[in-house]
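Each of the next two complexes has chain A plus one other chain: chain B in the first, chain C in the second.
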Partner chain A sequence: MSEPPASPSRAFPGDILMGAQSRLLPYHIPMRFFLSAALFQVVSWALLMVDPGEVAGFTGGTGASLAALHALTLGVLAMTVMGASLQLLSVATGVAMRSLFPACLASWLYIPGTAILVAGMGLGSHPLMALGGIVVILGLCVWSAVLIDILRRAPGLRATVRHGWWALVALALLSAIAAVLILNLGHGVLPIYGADHGQLAAAHAILGGFGFMGLFAMGFSYILVPMFALSPAPAEGRANLALGLVLAGIALALAAMLSDGMEMPLALGAALFGLIGAGLHIGLMLGALKAGMKKRLGLSFILVRAAWALLLIAIILGGLAGAGEDRWNMPTLFAFVLTFGWLLSFIGGILGRVLPFLTSMQAHNQGQRPPRLSDMGHQKITLRLHAAGHVSGLVLVAAGIAVDQSLLVLAGGALGTIGALAFLWFTVEIVGLNRRLNAQAQT
Partner chain B sequence: MSKRWTDADGVHLDLTGLEAPAPMLAVMAEINASDAPLTLHMDREPIFLYPDLQEMGWVWTVQGADNPGTGEAAFVIYLKKAADV
Partner chain C sequence: MEYMLNICNKLHDDHMITISLMERIETALPRIGRKSTPDMAEAALSSLLSDLQVAMQNEVTSHFAFEEENLFTRIEAMGETPMIDMLLGEHEIIRPMAAELMQAVKAARSDGFSADSWQAFYELGLDLAERETFHIQKEEMGFLPLLEQIIDDDDDADLCRAYDAHQLAG
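And now, the complex of A and B:
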């Protein structure tokens, strides 16, 4: 047995440790995605207030509602998936990225591309939408190449890796459909093979909400929930079964969107498969929380639990909308609960814990001693304000859509914006702390 | 399956070959049971553990092997309760 090294903090014996450092990316790479996501979250809620009367009856077309939806899906949800996947997958799988440049390139393309695309949608400018769409797809291609390289070399975490592969398949399909939809808005190229704009837009929404982002959320949960709760990973076989059921639900939902005359049975079948698959996944997560050594996971996991409930509600609403139910503005209500409800609540809850955790890991990796997780920034104010604004905003906007009341949408948008601003404050404090700790390490 | 033994300098845990989160759980179970110094032998540096270790009042030093052989630990981490340092 060798004696511990004399260094009071940590040893740096050479290349092996540098290998570990390369798996933990420089803080500014994941943080640029998370900070952008926090900014776009403010934009997405605020855009709901621009034309609240249009939100309830939104069925497509350019304007503030389309811009709000994509500020959320591209600006917050996909943005967070990109930052989290680059950092967490390489650390959790132990696979070091071959080069940092592609990750930076993805951010240089994707972040401004999303801003241009959202602006184009809001202004109804086809050239801006086309430009933004091309740049966004290029950014996603670069990021996908990095991710494929990590997934291909990952030696373990098979359930998460499998979700990642399927999520990338969904991303490829939804990106192709998005390109056709943008082209159609400017040049009227649809219908193609009998599929019109509405049908393709619905397929795009299913692939984005349940496919790309939903599958990543499920896959990351198999790493993050056991890590935060300090519990064993859920059984891989059950995770695979949940994935298979959800994929079957997505396939049936796509068939329902594109079919002519079989919508109702296909949509109800999709909802049934989706409910069983999502229910199994949620059961695995609740089991991990119950078995965990850490029982008190704070406000963040209250949001995560609410998000799981909203996932089940979104599947039920989606089944009803797909079956032709149009009372309570069902298609719009479904889209809102799926995106602002399930996905945004989940990401808000998870980021509330991930950002301090990443900051602490970065500091320790540089030999710095960071503040305690709960002492980073003014979390007691910012995260509480965020949760209150987010939940009340969700309830009011959902009610406003269901009963077609623009005042409710306006009030909900305002509360959601306040919550999103609080989350931006939290993120800015975390990024500032990373900058200070990094500067101290350099000196 | 982790290997555990006691040496003159305290308890040792060999966590090589285990997939996440098993190493983290083994360490947490050990430090929840005892404040005795602990030496970890691992394939990868356990950076996911550091925030929790700090919260629980532990300090550590890390030693990396330059060229670990098959089955040998790439990292040895020496853990002590802060009051013991």
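And now, the complex of A and C:
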């Protein structure tokens, strides 16, 4: 080679590991989202214990159950997506953020906004809900603008980027519906014709669980799973096919929620498309794990595998609930398995790997020898306790909902809270380590 | 994983051997335990130590040196110095650890492990396994795909010859 070669214009999953130094954000930006998510995880499990009798038959309305659900969806799931997308997408796509200010602004709005909204839901205070809702939506708008700028300039990772675009479409729709739902709770603004509160709430749940959060989880998986397993990225065409099938399933599910008289065929069709799409996605992920050079992926990937199984179960339960099955408190059971089951298990498993990984990258960035990954955050205690508490909490609360037993919900909430506290301990340790590494680098 | 360039496949084969060995360390050492000094007559441990010595020797004298002399320079010429700084930094961390581990293996094969030497070997082995794995992760997912984009067939043949020469010299 006589001349220096030009830098390639195409991004690939490994970019997340290579050349990342220049695009790593200051540790405190992603970590404030991850730490908040760990705190809200404790809150969401603990809130299940406040009124366990209400959890099993929950179909809407303010109170501890609504607060628990949104502490999870906004406080943990969306919070994690915001932190992860700001850091991982800019590193993985090679697109640097133009300014750090919008990312900080999004956190200043979104984190307290979520706390206000959850408090308002728990207390049944409409002014607090309205205030929290407005601030949360503003925070999401700022974050979306940052993300749109990254996705628009991303030169590669097309499957992940495509999932990101569709997730943002779902976010816009679910935020609009959320604003209408909050207004309706306070002022009864919905007309007597058209979709009622319950139908809109169901559409909001589908767009949040399978749309916004589910699509981001799928999209990020195409980067993170091959990276951790050391395997080639799955074929883009198959990833696109899985995305198309899942989108068709979401569209049919929305139609089922909003229709009058066609619920059963639409809901079953939605479940069928969703199952095939999710099955294809999971097949691609399992293929990546099988082809991977690294076989021992630890406890984190046991949780991730459990999450994939729970995704399929959630789709089946959703299809049954949408088709009108109301035994075993099916709508509530579906919502619980979708959020606490599939999404929270997935995020717990992935964060258990991502947080030490990001800390190591930060140490390299500051010219310091990184600590051993497995030594970070007392993982032998914290992550094991988290997994045990999380899984047993899931089983007990799901059983409590299905058989309408508040004692089971209470016990499950307690075990889930213990698990979430262990995860908070892990996260606090990781954030503390980042602070120490940063302080050492400054001196 | 199959690369288009022969040189990437050769490096990948080295990585496969090392990753597999590191996974053996991560399985075998915790199974024995930090506080129970093992018997050197145990066949599985003896075979692991033997494989470890050969693989680490190849890794630091041949594989690392080949990359530093023949590949990192090309990437640096593209202006991707942060990437090369990171990989070189990891080589500099791993190289003395591998040397220390080879010394420990040599001593253990002649005199066996004492409680202290086993505990030191245990910590060092797990530390090396994790750092090697993380390093290979970066090379497999970032460095080798990048080489596939910037090296042509003629260069590939030259690099393979240089790689073979390093193997013979190592």
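Assume the second predicted complex is superposed on the first by the 418 of 443 C-alpha atoms of A that agree within 3 Å, B and C clash if a C-alpha of one lies under 4 Å from a C-alpha of the other, contacts with A are read in each partner's own complex, and residues count from 1 in each chain.
Criterion: a contact is a pair of C-beta atoms (placed from the backbone, for glycine too) under 8 Å apart; a residue touches a chain by one contact, two chains touch by 3 or more.
Just so you know, these numbers come straight off a predicted model, no measurement behind them.
**Student:** A:S360 contacts which: chain B (first), chain C (second), both, neither?
**Tutor:** both
**Student:** Check whether A:G237 is in contact with chain B, with chain C, with both or with neither, and answer first, second, both or neither.
**Tutor:** Touch status of A:G237: no partner.
**Student:** Tell me which partner A:R296 touches in the superposition: chain B (first), chain C (second), both or neither.
**Tutor:** Second partner only.
**Student:** Touching A:G261, do we find chain B (first), chain C (second), both, or neither?
**Tutor:** A:G261 sits against neither chain B nor chain C.
**Student:** First (chain B), second (chain C), both or neither: which does A:G188 touch?
**Tutor:** neither
**Student:** Considering each complex separately, which residues of chain A are in contact with chain B in the first and with chain C in the second?
**Tutor:** Residues 1, 4-5, 7-8, 10, 13-17, 226-227, 230-232, 293, 360, 364, 369, 372-373, which sit in both footprints.
**Student:** Could you pull out which chain A residues touch chain C in their complex?
**Tutor:** 1, 4-8, 10, 12-19, 21-22, 226-228, 230-232, 291, 293-296, 360, 364, 369, 372-374
**Student:** Once bound in the complex, which stretches of chain A touch chain B?
**Tutor:** Contacts found on chain A: 1-5, 7-11, 13-17, 20, 24, 91-92, 94, 156-157, 223, 226-227, 230-233, 293, 356-357, 360-361, 364-365, 369-370, 372-373.
**Student:** Under the touch definition given earlier, write down the residues of chain B that touch chain A in their complex.
**Tutor:** For chain B paired with chain A, touching residues are 7-9, 12, 19-22, 24-25, 28-29, 32, 39, 43-45, 47-48, 50-52, 54-55, 60-66, 68, 74-76, 78.
**Student:** Under the definition above, what is the set of chain C residues touching chain A in their complex?
**Tutor:** 1, 15-16, 19, 23, 26-27, 74, 77-80, 82-83, 85-86, 89, 93, 126-127, 130-131, 133-134, 136-138, 140-143, 145-146, 149-152, 155
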